[in-house]
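Look for subunit A in each of the two complexes below; its partner is subunit B in the first and subunit C in the second.
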Partner chain A sequence: MSDAIFMVLMAMLGGAIRVSTPFLLVALGETLTEKSGRINLGLEGNLVLGAMIAYATSYSTGSPWLGVLAAGLAGMVLSAGHGWICKLPKVNDIAVGIAFMNLGTGLAFFFGKPFIQPTAPRLDAIALGAWSSNPQVQQALKVNPLFFVGLGLAVLLWWMLKNTRWGLIIRMTGDSAASARAMGVSVDRVRLLATSAGGFFAGIGGAFLSLYYPGSWSESLSSGQGLMAVALVIFARWNPIRCVWAALLFGASGALGPALQSIGFSKGYYFFNAAPYILTLVIMVLSARSQKAAHEAPGELSIVK
Partner chain B sequence: MSLSSATSDLPARRKLRLDPRSAALIEASVIPLAALLASALIFSLFLTLLGKDPIRFFALVWTGGVASSFSFQNTLQRAAPLILTGLAFAVPARIGMTLLGAEGALVLGGLASALVAIPMVLAGWPVWLGLPIMALAAMAVGGVWMGIAGWLRHYRGVNETISSLLLTYIAVAIMNFLVEGVFRDPGSTNKASTMPLGPDWRIGDMPGTSVHWGLAAGVIIAVLLWVLMERTTFGFAARIAGGNLRAAQAQGLAVGKLAVASCAIAGACAGLAGFFEVTAVHGQANASLAAQYGFTGILVAFLARQNPLAVVPVALLFGALGASGGLIQRRMDMPDATMLVLQGIIFVTLLVSETLYGRLPFLSTEQAGDRT
Partner chain C sequence: MTMTSLSRRSLLKSGAAALAASALPLGAARAQDGITIGAIYVGPRDDFGWNQSHAAAMDILREVPGVSVVEEENVPETDAVAKSMESMINLDGANLILATSFGYYNPFVLDVAAKYPEVQLRHCAPLWNPDTDPKNAGSYFSYLNQAHYVNGVAAGLSSASGKLGFIAAKPVQTVLSNCNSFLLGARSVNPNATVQVIFTGSWSMPVREAEATNALIDADCDVISCHVDSPKVVIETAEARGVKSCGHNADQRALAPNGFITGAESKWSTTYKIYAEALMSGETVPNLIAGGYHNDMVMNTPFGAGATPEAITAAGAAIEALKGGKPIYVGPLKDNTGKLVIEGEMDNYAPELEKMNYLLDGVIGSTT
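For the complex of A and B:
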C-alpha cells in the first residue's frame, strides 16, 4: 500500500513539473499583459499555434530549439494583432481574445494537417534524478529545460516589474491609464508591447506541448490549458512568483488522473480529467471576492471591474 | 457666430438625417455586412497566397450549401442548433455578460435527454409523453448549468467568461465519464454511447422536408426571445442592467435575478439544441454531441448584433458554410480546418468593425452617436 502511495506521489511530482510548464509560461505571459491593463483571453490560440509551428519547424530543420523560437515568434505576431485591434475605440478586449483563440486554433489546424503523422526531433530533458537508483524517482526528476526557462522568467519578470523603470511604466499603465498619459507614456504602445511579449511566452508554452510532453502534434493537444492559465493569473494575484506555485498546483491536479491510472486505478479516469477545471473553478470562487485580490488587481483591467 | 454655424451645418447637410432608431438600424446592418465582405476579401487573399482559387471556393460554398434542395436542407439541418446556441450567447449578452458555455449546456442537455429516455423506452411509455419530458430535462439541465455561471458572476464576482468555459470542459468530462462508464451501451463498440433510442423515439422531419423539427423550434424560440427582450419589462430591465449596472441597482432592479435568469434561458436554449441533436440526429448520446455548435453560436450571435431575430439568418449563413465543408475538402483538397480559419477571420474582422459604430461618414453622428 505504501508503495502504491509512493508511486502515486512520485508520478504526481513528475507530472506536476511536466504538466505545469505550459501553464507557467502562459500564466507569465498573461501576467505581463494584464499588468499593463489589458486582458488577452486568446492565449489558448497562441498555445495551439505555437505547438504546431514548433513541431513543424523542428521537423523541417531538425532543431527543436529553432522550433521553440519560431513558436514564440508566431505567438508574438498573433498577440500583436490582439494588441493592435484592442487599441481601436469601442473594441472589447475579451471578445477580441475569443476571436483570436478561434483564429489561432484554426490556423494551427489548417497548416498542421501534414505534421500529424511525421515524427519531429524533440527537446531533451535534463536527468536530475541520476543520483537515485529508484526508476520512479529518476522518471519524476527528468526535467525539461523549458521548465527552468519558466522559473527564470518568473524571477526576471518579478524583479523587472518591481525594480525597473520599464516595470514601473507597465504597472502605472495598468493601474491608471490617465496618470500614465499625464506622464507622457503612450498607453497603447506599452500595452501593445506587453501583449506581444506575453504572446511570445505563450507560444513557447505551446512548443513545450508538442516538443516534450505529450511530445507530438495533434489537434487535441491542448485542452484549455491556455484558458486555465488566465484564471490562474487571477489566483496568483498578478505576481510572477506566485504563478510558479499556482502552476505547480495545477500541474499536480492534472497529473492526478494519469498517476492513479499508473497503479491500475482507472475507474474514474474521465472524471479525474475534470480535476484541473474543477480546481480552477473552485479557486476562482475563493479568490474572486478576496480583499487582497481586489487590492492587487491592476486598476484598468476589464475583468475585475 | 453666423460664420461658425454655417460651417458646422455644411457637413451635416451632406449626411443622411434620420431619426436615431433608423440610423441605428442602418448601422447595425451596414457594418456587419461590410465586415463580412471584408473577411471574404481577406480570406480570398489567404487562398490566393496558398495557390487556391477563391472564386472556386465561394462557388463550392454555393453548390454545397444553397444550390440544390439536398444541400439547402443540409444547411437548414445545421442551422437549427446554431440558432439555439446563437440565442444562448445573445440573451446574456444583452445584460452585459459574455457567456461562452453553450457547448457545455448542449452536451449536458443532450446527455440528460438520452438518460431520462432510457427508463421510459424500457417501460414502453408513449412517445408523445416521453419526448416532451426529454426536452424539458434537456432544458432544465442546460439551464441549471449556465445558471451556475450567472449565479457565480453575480453573487461571487467570478468572471462568467472563464467560468462558463471551464464549465464546458467539466460538462464534456462528465459526459465522457458517464458514457464510457455506467451508461455505456454494451452494443456500442466503436464509439462509447448510451442506449440507442430506437426508431420510434426519433423526432421526425418536418413534413415535406428532410429537416428535423429543431429548425422550427429554433425559429419559434428566436421570435419568443425577441419579444421577451424587446417588448417586456424583463427585457427592458435586462437591457438597462446591461447598459449601466449601477443605474439599474439604483432603480431597485433585481439585477442578480435578471442575470441568473438570462443565463438560465441561455442554457435552456443550448440544452434544447442538445435534445434535438440526440433525438433527431444521433439517436443516442455520445462524444459527437461536442461538435463545436456552441462555439460557432458565439460568432453567430456577434454577427447578429445579439438580436434574437437576426440570429436566424446568420445561423443559416454558418449552416451553409458547414454544409459545404465536406465538398470543399474533397474538391479543393483542403483540410477541414479551412472553415475554422474563415470563421476566425470573420470573427476578428467583425470585432474590428465595432469601432465604426457612430462614426459612419454618411450618417449624422450627432443623432446616431448616443445610441451605440
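For the complex of A and C:
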C-alpha cells in the first residue's frame, strides 16, 4: 500500500512539473496584463497559436529554441492587437479577448494543417533525478528548461512589480488610471506593452505544449488550458509567486486521474479526471467570497469596477 | 384572389414541368460523367487516427477511374454536418456521402437522406435500422477488435514483462471489445499476460493521454496500445520512454522507429470500392457492410522494429486463423469482477458480443 501511495505521489510530482509549465506561463502573462488594468481572455488563442508556430518553426528550421522564440513573438503580435483595439473608446476588453481567442485558435488551425502529420525536433529535458536509483523518481525529475524559465520569470515579475519604477507604473495604471495620467504616464501605452509582453509569455507556454509535453501539434492540444490559467490568476490574487503554486497544484491534480488508475484504483475515474476543473470551480467560489481577494484586485479591471 | 390562385397554380405547373424536364437528362448526364463521392470528417484528415483511416481509403478511391472525391474536415456533430452534406449534394453533385463520425447519424444523416432520396448516404457505425430508417441510408463498420487481437498476439511475444498497457477513451462496447481482444491475443501466447487499462474519459485529450502513457510505464507496462481518436501522442510518448507500442486506426509506424510492433487498422477502401462499383454499374448500393479479416475489412500495420521474430510468425498465423473464422472469445471467460460472462465459443460476429460492457479477467481496470 505504501508503495502505491509513493507511486501516486511521484506521479503527481512528475505531473505537476510536466503539466504545470503552460499554466504557469499563461498565468504570468495574464497577471502582468491584469496588473496594468486590462483583462485579456484571448490567451487561450496565444497558447494554441504559439503551439502551432513553435512546432512549424521547429519543423522547418530544425531548431526547437527558434520555435520557442517564434511562438513568443506570435503571441506578442496577437496580444498587441488586443492591446491596440482595447485603447479605442468604448471597447470592452473581455469581448475583444474572446474574439482574439477565436482568432488565435482559428489561425492556428488554418495554418497548422500541414504540421499535424510531421514530427518536429523537440526540446530536451534536464535529468535532475540522476542521483536516485529509482526509475520513477528519475522520470518525475526530468525537467524541461522552460519550467525554470517560468519559475525565474515569476520571481522576476514579482520583484519587478514590487521594487522597480516600471513595476510601480504598471501597478498605478492598473489601480487608478486617473492618477497615472496625472503623473504624465500614457495609460494606453503601458497597457499595450504589458498586454504584449503577457502575450509573449503565453505564446511560449504554447511552445511547451507542442515541443515538449505532450510534444506534438494537434488541434485538441490545449483543451482549454489557457482559459483555466486565466482563472488561476484570480486564485493567485495577481501575485506571480502564488501563480507558481497554483500552476503546480493544477498540474498535480491533472495527474491524479491516470495515476490512480495505474495503481489499480480505477473506480470513479470520471470524477478524478475532472479534478482540475472541480478545483477551478471550488477556487473561484472561495476566492470570490473572500473580501481580501476583492481588495487585491487591480482597481481598473472591468470586472472589478 | 383569382389572380393569385391562378398564378400560383401556373407557377407550380411550370415549375414541375421544368423540374421533370431537367431532372431526367441531368441524371443521365451524371451517370455518364462518372460519380462523385463525398466524405465528411469530424477532425483533420491527417490526424494519425480515425479520420486518417478514412482519408487514406478516399485517397485509394481517388485513383479509381470515373470516381471523383470531395472531402470536408473538422465538421462538428451539429447542424453543420447537415449543411456540409447538402452542399456536397447541391454544389458538388455527390451521389454518395460517407458520414464518418458517430454523432452525424441521428438526426442529420436521417434528415438529409429523407430530403434527398436520390442520393445515397452511408454512416460509419452500426446504427442503420432497416425497418425505420430511409432506404437510401445505411451503415458500414469493421470489427477492429480482430486486428487488436493480432496486436495482442504480437505484443505478448514482444513484451519482456507480460504487462501490457491500454489507454482507452471511453468505456463503450467497441473500446472494451478492442481491449478484451488485445488481452485474449496476448493470453493466447502468454497465459500470464495482463492488460492494464486507463480511461481518459475523452476521445481526444493529448495532455491526459501523455499522462496516462507515463503512468502505465511507471506501473511497469512495457507495451502500450490504445483506443483514442489520435494515437500519435501515445505512440510518441511510449517511444520517448523506450517502451514498445501497438497502433490503432491508422499507420503509426513512422512515429516509433524503435518500438513499434504492429497496429490495428480498418480497411475502409474495401467498402468504398464496393460502393463505387455499385454506383458506376447502376446496381443497388448495399445498405449494410460489416466485417473483419474474413472479408478484408481490417488489417494490421506492417511490423515495426519492436516486433520480435516469434511475434511476427505468431501474428501472421493468427491472421490466417481469423480469416478462417477462428473465434476470439472462447468460454468459459470471466470478467474482472469474477462473473462468468462468456460460456461457450462465440462467433466473431456474434450479436451477444455487441452488448459487451465488461473487462475480462486479466484486464486491470474498471469501466466506471
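Assume the second predicted complex is superposed on the first by the 295 of 305 C-alpha atoms of A that agree within 3 Å, B and C clash if a C-alpha of one lies under 4 Å from a C-alpha of the other, contacts with A are read in each partner's own complex, and residues count from 1 in each chain.
Everything below uses one rule, namely that a contact is a pair of C-beta atoms (placed from the backbone, for glycine too) under 8 Å apart; a residue touches a chain by one contact, two chains touch by 3 or more.
All of these numbers come straight from a predicted model, not from anything done at the bench.
Colleague: Pick one for A:109: touches subunit B only (first), subunit C only (second), both, or neither.
Modeller: Both partners, subunit B and subunit C.
Colleague: Under the stated touch criterion, which partner chain does A:223 make contact with: subunit B (first), subunit C (second), both, or neither?
Modeller: both
Colleague: Answer with first, second, both or neither: which of subunit B and subunit C does A:139 touch in the superposed model?
Modeller: Once the two structures are laid over each other on A, A:139 reaches subunit C alone.
Colleague: According to the stated criteria, A:258 is in contact with first (subunit B), second (subunit C), both, or neither; which is it?
Modeller: Second partner only, subunit C.
Colleague: Quick one: classify A:268 as touching subunit B (first), subunit C (second), both or neither.
Modeller: A:268: touches subunit B and subunit C.
Colleague: Under the stated touch criterion, which partner chain does A:15 make contact with: subunit B (first), subunit C (second), both, or neither?
Modeller: So A:15 only meets subunit C here.
Colleague: Please work out whether A:128 is in contact with subunit B alone, subunit C alone, both, or neither, and reply first, second, both or neither.
Modeller: Neither partner.
Colleague: Touch test for A:149: subunit B only (first), subunit C only (second), both, or neither?
Modeller: Neither partner.
Colleague: Looking at subunit A, which of its residues have contacts with both subunit B and subunit C?
Modeller: Of subunit A, residues 109, 113, 223, 268, 270, 273 contact subunit B in one complex and subunit C in the other.
Colleague: Tell me, which parts of subunit A touch subunit B in their complex?
Modeller: 41, 81, 85, 88-92, 94-96, 98-100, 102-107, 109-110, 112-113, 223-224, 227-228, 230-231, 234, 268, 270-271, 273-274, 277-278, 280-281, 284-285, 288-289, 303
Colleague: Quick check on the complex: what are the subunit C residues that touch subunit A?
Modeller: Going by the criterion above, the answer is residues 43-44, 46-48, 74, 196-202, 204-212, 214-219, 230, 232-233, 236-237, 240-241, 254-255, 364-366, 368.
Colleague: Which residues of subunit A touch subunit C in the complex?
Modeller: 7, 10-11, 14-15, 18-19, 109, 113, 116-117, 119, 136, 139, 209, 213-216, 218-221, 223, 225, 254-255, 257-259, 261-264, 266-270, 273
Colleague: Applying the document's contact rule, which stretches of subunit B touch subunit A when the two form their complex?
Modeller: Residues 98, 100, 152, 156-159, 161-163, 165-167, 169-170, 173-174, 176-177, 180-181, 295, 298-299, 302, 335-338, 340-345, 347-348, 350-352, 354-355, 357-358, 372 of subunit B touch subunit A in their complex.
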